[in-house]
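The two complexes that follow have chain A in common; it is paired with chain B in the first and with chain C in the second.
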Partner chain A sequence: MTRHTHIVKVHHLSLAFPTRHDPDPKPVLKDLDFGIRDGEILGLIGNSGSGKTMTAMAIAGLLPEGAVITGGSIKFAGEDLTAMKPRRRRQMLGSNIGVIFQEPSTALDPLMKIGTNLDEILLTHGMKDKKERRERVLNMLGTCGFTEPEEIYSRYPHQLSGGQRQRVLIAGAALLEPRLLICDEPTSSLDTVTTIQILSLLKDICHKMHMTVLFISHDLSAVRNFCDRVMVMREGEIVDRDLAEDMLLHPRSGYTAELLTNARLDTRMLGLERATVDYSASPVLVAKDITARYDNSSADVLKGTCFEIYPREILGLIGSSGCGKTTLVKSLLGLMPHGGTIDCDNRQTGAVFQDPVSCLNPAHSVEWHLLEPLRAAGVKLNKQERINRATQALQDVGLSADYLSRRPRQLSGGQRQRIAIAMSLMLEPSLIVADEPFSSLDSSSAAEILKLLTDINRERGTSFLLITHNIHIVRQICPRVIVMDGGTVCEEGLTSEVLAAPKSDAARRLLEAEATLHGENFSE
Partner chain B sequence: MQSKASSFRAKTFFITGAVLLGIVVLAFVMSLVCSPYDPNATSAKEILLPPSAQHVFGTDNFGRDVFSRILDASKYTIFISIAGVAIALLLGVVTGLPAGYFGGFPDRCIMLFNNSIMCFPGILLALVAVAVFGPSMFNVVWALGLVFAPTFARVCRAGAMELKTRDFIMHAKVMRVKPLRIMYSHILPNLMPQLLPATVIGLANMTLFESGMSYLGLGVQPPDASFGKMLADCKAYVLTAPWLVIFPSLMLIIYILGLYFMSEGIRVSYSGRSDS
Partner chain C sequence: MSLNAKQNLKYAGLKLIELIATLFVVSFLTFAAFSIIPGDTAQIILGPNATPAQLDRLRAELGIDQPLPVRYITWVAGAFTGNLGNSTSFKVPVIDLIAQRLPVTLGMSILALVMVIVVSYPLSVFSARRPGHLGDTVCSILGHVLFAVPPFVLSLLLIVLCSGVLHIFTMGKYAPPEKGFGNYIASLALPAFAIALPKIAMTFKFMRSAIIEQNASEYVKTERSHGLSEARILLRHVLPNSNVSSITIITLVLSDILGGSLIVEQVFNLPGLGRLLLTAIDRRDFPLLSGMIFYLALITVILYFASDILSSLSDPRIRIK
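Then we have the complex of A and B:
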């Protein structure tokens, strides 16, 4: 066995949020003990709240206010980070430790051009020569896969797509050639095709510049294809660690196996069972030649989209970012003006949106949320009936009546998504439009929400329009799928046929990306 | 989650503010139930007496008890500031929310009106209104309310513009919640972190404006007392009878500082927990 040199050595690290009332609270990180080897890509996986991000922030020295390291040490290249003076610690950031965050839209200063944003980094780290800085930035943009660095250099952040912004951030982190790069879920807000580009770019740069990477993710398959080693965290502890390939194919701990099952969304293991669809019945929704455009643009985002949804059907809708999926949802729900006709069953259409953080009103309680659809529809109920209806709605989505008085900020992402679903169900709609309801949830919550949706579909016969970039989910629960590209439906048919032999370029691209990211044997 | 430091800071601000405001409220209550003298009773024998056991804050140039007059003035000051801010808040919310929520033509109309009010100095507008309609306390109240309304309208408009794109408002629209209900039941409660401190600061600014107007003789009319009026009346005696300046100014400072501390406390306590 070869001996590895460790660039980071975490020794019995514990972390907690002590307060005056509770000086000895439950630790957020418990006795962590691990090392990051020089030059490796180490994956860190686990559900939300398992302490992944806290671990990374402890190493980077960016812990939130109130967090206290209660024991242990972190050594970076032999130096103890926990005993270091704040000033020296700050100097480590950037030049020795680089960080890439999850949300590329908020990490760049919107008032500065991309070039200025990156130039600033070199300037703060003491590079005085203006010409040299520009050269370095342009070079790095080229390395990060931009074919026209000059063009990108003079653009503003809002003129770039999510994937491009994430590449700019990688360029920014790589500019100072840090020895350790911490990536905190860098791909979770991106679609499959872009995710692959970003991951291969990261891998490339790491090899070229000999960087070590700590890669945090809840996308297990991405970790398998990208990382050398993987650690699994649960409630602040490391429960499993192994080579990536070994762990994800032959998990040793029960918890890892559970995570893998959830990520695989195995229909039998999860007990997913959808309703049987009768295609001879009249459709619940027929959309004909829908066109839509945004106020200040001259080009149509939707160019004559046509499709129909049958009763009890879960219709999958896939397509890469920018193909018009979200615009279609807004048109269907009557949130933006559109051309063409939408014939819909008179009953109300429900909606579940992507972001569980903003889908509930932070100023109101869960009970208020559940009763709002009834108030809006003019249903008059007395106090006891109201409580009964709200409690019943909570039970329908698998939550207890204790949640009635809670506020959105006291709920997890999965719980919020459940409340949003319960709200949609209050008026018994015939169709629910779900716009990427899983993409911001960890795999366990996503599996639970998916099960909930199929249960609703089976028991109530509610139809769904399910928009997702996870082709695996479509394969498992949608009998029929439509593929969108450039504002039109480019392919439509039975899921098994479309995914087995895609006819359109767009579908083929999506499937190729899926195969690269998740690997055939993983999804089958 | 509210961090330890910010909750401690918020508490300190709240307590300081409450103690200071408590003094003014106590004066207000005393003016109603147990004023030691009639605040408007003059006495030729007791002109410009320094503070003593009989007249704790001394007497003024008409022999009126300064302590009783301060109690009386706090009554008017509190009334004018609260009534004025209530009018401003109401006008601001009623115009600002629809402007931000609907945008387009209604927004342009409402904001044109608001901006035209804002481009004049507030005190000037209020003075013109009072000069035209005659100096009286009620004219001061509505004039100040009108002058302060655009500030609140701007806060509401900005908040509505930001919140209307959030998913929960989309959700409400999908549920066919009526626009009026979306504005007042969905958006307005989320604006409290901005509106509450603005209201309290508004109270303080309103008090300063009122004092200024009374100082110029266009606010509270004699013989009623007001802090600004009391300061104006004693201009000639600043050096010979300093207690005439010190005590009304002190009360004014206490009231305004108390309000500022309160608003700071509200702001800190909201910013401490809005991170989630």
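Then we have the complex of A and C:
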């Protein structure tokens, strides 16, 4: 057995959130014991709430207020981080340990130009010469794939795309060439094409600067392609650790096997079954030449989009960020003015969105939310009828009546998405528009929601327009797919045909990215 | 660079057009209000025993024998050039009366604003540092109490305390700025404080939650991960971001202060615009009244213009239109 030098050694680490009322609470991290080898890329996976982020933040020294390390130690290159003075600890951040977070859209100060923001890092770490700092920042921006660093230097964050912002954040984290780079879900809010670019950039600069990486993700395939070694966490404990290829082919713990099944979204293993579609029936929705633009821009976002959705069909809609998917959803739901015609069955169209956190009003209970569509439609019910309807709606999405009085903050992400789906079902629509309903959920919750959607489709015959960047899901449950690019539908057809032999450039690009990211393992 | 500057200019230009349009609406409404009010101005001035010849002569003198559109144009032209005619009760140009009283009200308002900023900003930073702790709780409760008490009650309490018990303030003694700046400020300090107190509470409450919100944002986490000190994060990131929204609040506070000063002047017996306005109402001095309303509106509109420009300068996202 070869001996490795560890850059980080976590030794019997425990962490909890003790309060005055509960001085000895259930630990969030339980007796963690692992090392990060010098120069490796270590993946850390697990569902939300498994303690991945807490582990990373404990190493970085960026724990949220109230978190207390109740036992054990973390050694970084021999120095004990848990015993270190705060001032020294802060100096290590940026210079020895760099961190990249999940949400690039909000991770940059909106009032500060990119250059000023990056310049500040160098200034903080004692680089006095102004010209030298500028040189260094421009160099780093170049390394991170910007062809015109000068241009980016004087831009504000809102003038950049999500992928560009993430590259700026990588530039910031790597600016002082830290030995350890912690990436906390760096790609989960990006589309597949951008994800590939970001991952290859990360791999590239880690290699160049000889950085060690701790890579946290709930995207198993990204981990598989990117990491040398993977650890699996569950409820604050490490349940599996191994080499990446190895683990995904031969999972050791049952839990890892379950995660893999969920991530693979295998229809047979999950017991998914969709309704059969009769394409000779008249469509539930016909969209013709839809055009739309935003007030402050001169260019159309949608340039004559045409498509139709048949009864009982789950129509997949794919396309990279900025192709007009979200604008199309807004137009279909009547949330923004548009040109062209949308012929729709007169029953209302339901909607489920990406982020179940901000979709629910934190001030109201689940019952209030469920009844909201009825109130909006002017349906008059007495108290008992209201409770019956709400209870029935909860049961339809697999939740018990206990949840009626809960507030959104007392629910998990998956449960909130169930409530959102229940709301969209209240008026028994013939069509539900689902805009990236899985992307903010971990793979287990995503699998459950996917199953729920197919159940609704099969049992009620509800049609779906499913917008997703997960081509794997489209392959599994959508009989037909449309591909959008630049505001129009550039390709349309049976999913099996489109995915096997894409005709448009846009579809080809998406599939290539998908193949790079998810590899052959996930196709059938 | 040039793109940002261009956007700035374009935004300022648009706002300026808005400002001018608003002023015309305000001038029209002011003029219309005084034209619809029933009663003959000449009759009010000369009393019930005036002869028709006397009334006609005065009407010609005041220009109220002219048709309405002509009178409006004359009035607007006058308003924009500083010629608002003569006060009917003081028999001197309206503009002179306003100019004479302005230092009292303006000085008091600016002093109050300085107090608001100097007190509420550090307090909110202190409170937001550790929300829910003892210091924060005390500040918040005190803030609620001060917010609830109207300025004139505070004024009376302060007068009793400072002039009756402590003897550090003399009631009703206003020292004009030309007789020494220190005395001028000293004579206005207490009334300014009375106006400022509830506004301090309001600004504190607002700034505190703005800072707490910014502290919890993602970019603060990023800056921490870059190794920046908490003080630097506060000064360079959290405060500028909180300021974006606080500019609006400060503008509201300032226009409130101007309005509040009208009452406080009365309580403190100061010869400011507020008392002039009350006198004008009392004596039905329409030229004076309409002139004052127009200029008060002018100040408010300019204030909001300045606030819009400041907001756009501090937040690059506002410029995109």
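What to note about this one:
We take it that the second predicted complex is superposed on the first by the 524 of 524 C-alpha atoms of A that agree within 3 Å, B and C clash if a C-alpha of one lies under 4 Å from a C-alpha of the other, contacts with A are read in each partner's own complex, and residues count from 1 in each chain.
The definition used in the following text is that a contact is a pair of C-beta atoms (placed from the backbone, for glycine too) under 8 Å apart; a residue touches a chain by one contact, two chains touch by 3 or more.
For clarity, every value in this text was computed on a predicted model and none was experimentally measured.
Annotation for the three-chain superposition on chain A: chain B and chain C clash.
Once chain A of one complex is fitted onto chain A of the other, the partner contacts of A:359 are limited to chain B, with no touch recorded for chain C. Shared-chain residue A:60: touches chain C; no touch with chain B. In the superposed model, A:112 makes contact with chain C only, not with chain B. Of the two partner chains placed by superposition, only chain C is touched by A:92; chain B is not. By the touch criterion defined above, A:156 reaches chain C but does not reach chain B.
In the superposed model, A:101 lies in contact with chain C only, and not with chain B. In the three-chain model built by superposing on chain A, chain B overlaps with chain C at stretch 254-262, while the rest of 182-190, 254-262 or 308-316 show no clash. Chain A has no residue lying at the interface with chain B in one structure and with chain C in the other.
Those residues of chain C lying in contact with chain A across their complex are 1, 217-219, 221-229, 232, 236-237, 240-241, 244, 314-317, 320-321.
Listing the residues of chain A that touch chain C in their complex gives 60, 62, 90-95, 98-99, 101, 103, 106-112, 120-121, 124-125, 154, 156, 158, 169, 172-173, 296. Residues 1, 3-5, 166-168, 170-178, 181, 186, 189-190, 192, 273, 276 of chain B touch chain A in their complex.
Across the complex, chain A meets chain B through its residues 17, 19-20, 65-66, 333-335, 348-351, 353-355, 358-364, 372-373, 375-377, 409, 420, 423, 427.
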